[in-house]
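Structure below; questions to follow.
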């Protein structure tokens, strides 16, 4: 008999349900008897003991459904160690609920912030298994995270739509793709959508080089330019600022995001109309793509296997096309960045894509 | 032998190519010999004699392709009567090019602004046939315009994606749908996407009523609220201002659009996180939906028929499920508004949708 | 207080859930108190008293979900008057269950067969409101049925996919579209997908004309031909047979459907490879398209209104862009056929589409 | 100065255009001058000297377009060594055209058959670079082929649609997925679509086990069962036959494919209605998915790099998330099969999927 707690934390993404279904199906189909406790709205549910008991039936038909049936919330790692407004020690509260329910293991689905907290709970002695969820694919220790390919699909579809309208008018179009710290999503959606310029956090841009690329296209007879800009794109100048200085600068920025800054700069320098599209949270939503459904299901099944074998303290990850278990302490607090010298960047440049560098 | 000029003007939309293909196919499949002159980038091409000769081959395979193979541009009606920067009389220039090429007819695809200019050309003695293109469905004299249903599909898909992410977090989401003057697109996408609140230009909103609707949802246990906001949504107060006063107020607005205003107001009054998504020009792009492909093809074929019969001065429209010819003078300068008392609004209210009124 | 029974009968289609949600939401949002009894699996549930009580919560989130939450089954009209295998009088059983639950009204969603039975129940004195569901759009008394546009979308997507592969090889492709008796679906999907030849039940085809159309395309340099064939397409010869004779002939046919017959005939006459694709039941499945969601919701809301007003014995239909109530006796037993001389057929021919006639 | 010949051979798939665009863009963006000769319709074009010269412009806008702008055809390897009907030595003819055009390299895109011939040409002294194209992902020497993920997406969408209709009726549904020899596509689409049973060539099935799995689902209250069947699925009995014997048996089979055999067997044993859906060639068509667009573009760029470096005789493949060059002699004539003991199969079983074994 296994008593399993489960929670989804952080910004939601596609295939969270698929992954949980994978865990539960693999447990139910085993010889072991299982009880599943679903904590609601991320760590909050674990802190305040807000949960519901779940059966296999709750996981039927959710393979294709976006979002998370458990709800989610962001509980920044910074504050998890601070007491709540009523003075409650949150970490202690989580431990108590864990022991009160006599759980054998917590299955935690989340991204970077979530993994820090998960590792903290592991250090506190709880049995934890995690699954790597994020549209950013920036989780250390795994080649891939679920949610990523689905988000690429949606951002690409957005660029596809812009392509036909851009080709009809003589304009520069900017599509702002999610990703504050890493550029995988923007790079892949940009390459898939045929963007002419891609600006990502890892490669600070020079606005003059961006303008030059636009002008070169014009000279070759192209009526339009499409630029995929990551939320966290940054200019070479700004990249020299300290984090604090840059944060201040961002706050004073008259525009809601860097994309609008880039748009204004191009418009000023070229006189061309620049339009900004912000697909925003749509990139996290909708039905997971088939790739993510299979991938998340597989990770879920392997998590179930680890639970049955009593192996705890791991993230179930993916490396070199193998599903692997990665010690949580190796994952927590680290970010997987895109190397500006990566082969894929070189290939993108061979294809004629400018990174404004 | 018929010599036909063709141009697409105004913001592009889906099925422009499908409609042009319809015109050309119906002419080519007739007994008549035909020459097709495609003017580039809207009325500009006609003014400056920028065109290319087209054959049936140019229209093969474009049924499903978004945008317009002729390019488009906005030439606001206001300035069409003014000379250009070199003193050229633009209307006169268009007439000269028409006569120089000995055209039998101009086929013009466009929305409201385009129709004003088309009617002007008709008054100047040119043979004109128009086709009703706009994602706004606000063209007078026709029940439907092509581009509309495709835009509804894209905006709905956007709301669908937001739905799964909204359901996972406790938030208010605003999706800004295109439409500065009329609300058809927002209303239909909102109803199709299951939006809880819909704000459209025709029904000025009271922010207190909007907040009330959000709170009622919370009381009934709904974790989230989705609001579809037309670009031209307006508050009851602002609706009392003169056009000039309101334009001034908009300019001073700290946010890029009304949606952000609504978001800020809700956040202030409820303390809830509000997220804004702006699909923007994606709503004009991508492959036309099957409905628009069939509809635009049919209109195009009927335009071809009118040309063969030498009947000019009409928009090919759609009324009571019949394709009809509408005198251009009855269309030009009029806007088809959504009646706040229309059956569909009443039905939306029966379904529990709030319009904030 | 209103006590409402509801059931979905016949082949399922998209937007059944959307329509039921519309009925229920409009009732719940009224001042009236309501009890909803959902009969399971079509008339079977009503016959055998198999139902569950439903609340508004059961209808939340189903706007976008295909299929029917009540299940469906085909109970052919012919046998509804015959007793079941245990001698039970089915009509009497339905009446008893209706009275036992003290229902005020039955809301029945279905197509042609379903409407015959619905009208029978009306004649037996039950209060009945129906909603027109079918991917075939062949229901008498309404310009449109829900499910139709969604099916057009799926069949068109299928033809779109075939288009790219057909263009790469020199082949004839047949896409078999649903529709045993009427050709609306095939016609619209064929026109939307750019099919070169469309074969529908209403226009018997001459295989020589079909082959001629293929050869003409070749002569003009087209490498491929795409044919949309309705399940019920029929040759001119076979159209002369009596129903009985034709049914016999079909039975003896070595191929699973007429499409394969057409394919074999073309292959024999032209020597070209012909490939058949059968999307089949996918045309009934998946999330309803935005058009159907809005349409079904509106019909549902109006059904709710009729119930609140105590007006029974009607199908809620759609005519000339108005939602109307149509007496059930005017609908039952009639089929809406596509007129071979309809404007849309003429337009399709102007576009160069051959019907093999 | 480099003179490059290019051709696409075998059944078409998605992202062929994307891959060719990648090759050409990377060459054009290099310092080298380049001439591109596109041979039409596979090896046929090379044999009969049927080609056209291509410029960068021909490759603009084709990233997202399915099919191949060069056309394709199947020239089975077996007959390539035989003279054609006019006695022409085909291999010699290809060599002559290669030398006549003074080509530096042939870029050949194709699957298994294509690679055999490509290797033959290499052995004959021609410079060859190949790119791995197939929806089957059965090409030796590479972890992934382009076309595969796009086909998974389409087959999955098909299963998704069937899911809603299956859930509404009490039926068994079979979806026939492409794949005569290997089961990757069926396995992935089946897992992504939530199929209950998956039958693939690598795991011969026992019809009694299949029926047992269906009955188990019924006992647990599931109203329907969805079975993904690969074209090449085979029963345990038939797997014991020699290739010849089995081919004979297939020919005599009254049904057009194994799926219908399985359907008939289930219907007979369970009395349940079984419906078969055959998406067929749609699985090869339509716009490539973002994954394939990026992947094919990257492979194309790397092919360009090899050409610039004068490295010939390789397939550009993908192993352990690295793009690699694989000697053609290591690829030709080998098939990459799915190991019945592969982790993914075990995971699928943990998820409750039956393989009928």
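By written order: A, B, C and D. Residues from 1 in each chain.
The working rule: a contact is a pair of C-beta atoms (placed from the backbone, for glycine too) under 8 Å apart; a residue touches a chain by one contact, two chains touch by 3 or more.
The shown structure was predicted, so the numbers you read here are calculated from the model rather than taken from an experiment.
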### Message
By that same contact rule, can you tell me which chains touch subunit A and subunit D alike?
### Response
none
### Task
Going by C-alpha centroids, which chain is farthest from subunit D? Tell me that one.
B
### Task
Mind checking the centre-to-centre distance between subunit B and subunit D? Centres are C-alpha means, answer in whole Å.
42
### Query
With chain centres defined as C-alpha means, what is the inter-centre distance between subunit C and subunit D in Å?
35
### Summary
subunit B and subunit C have mean C-alpha positions lying a whole-number Å distance apart equal to 31
### Junction residues of subunit B - those touching two or more other chains
160, 163, 167, 287
### Summary
Here the pairs of chains that touch are A-B, A-D, B-C, C-D
### Message
Help me check something: in the complex, which residues belonging to subunit A touch subunit B?
### Response
8, 11-12, 14, 16, 41, 65-68, 71-73, 154, 157-158, 160-165, 167-170, 173, 223, 255-256, 260, 275-287
### Task
Note which residues of subunit C are touching subunit B in the complex, please.
22, 25-26, 28-30, 61, 63-64, 143, 149, 152-153, 156, 160, 163, 167, 188-189, 191-194, 287, 289-291, 293-294, 297-298, 301-302, 304-305, 320-323, 343-344, 347-348, 350-352
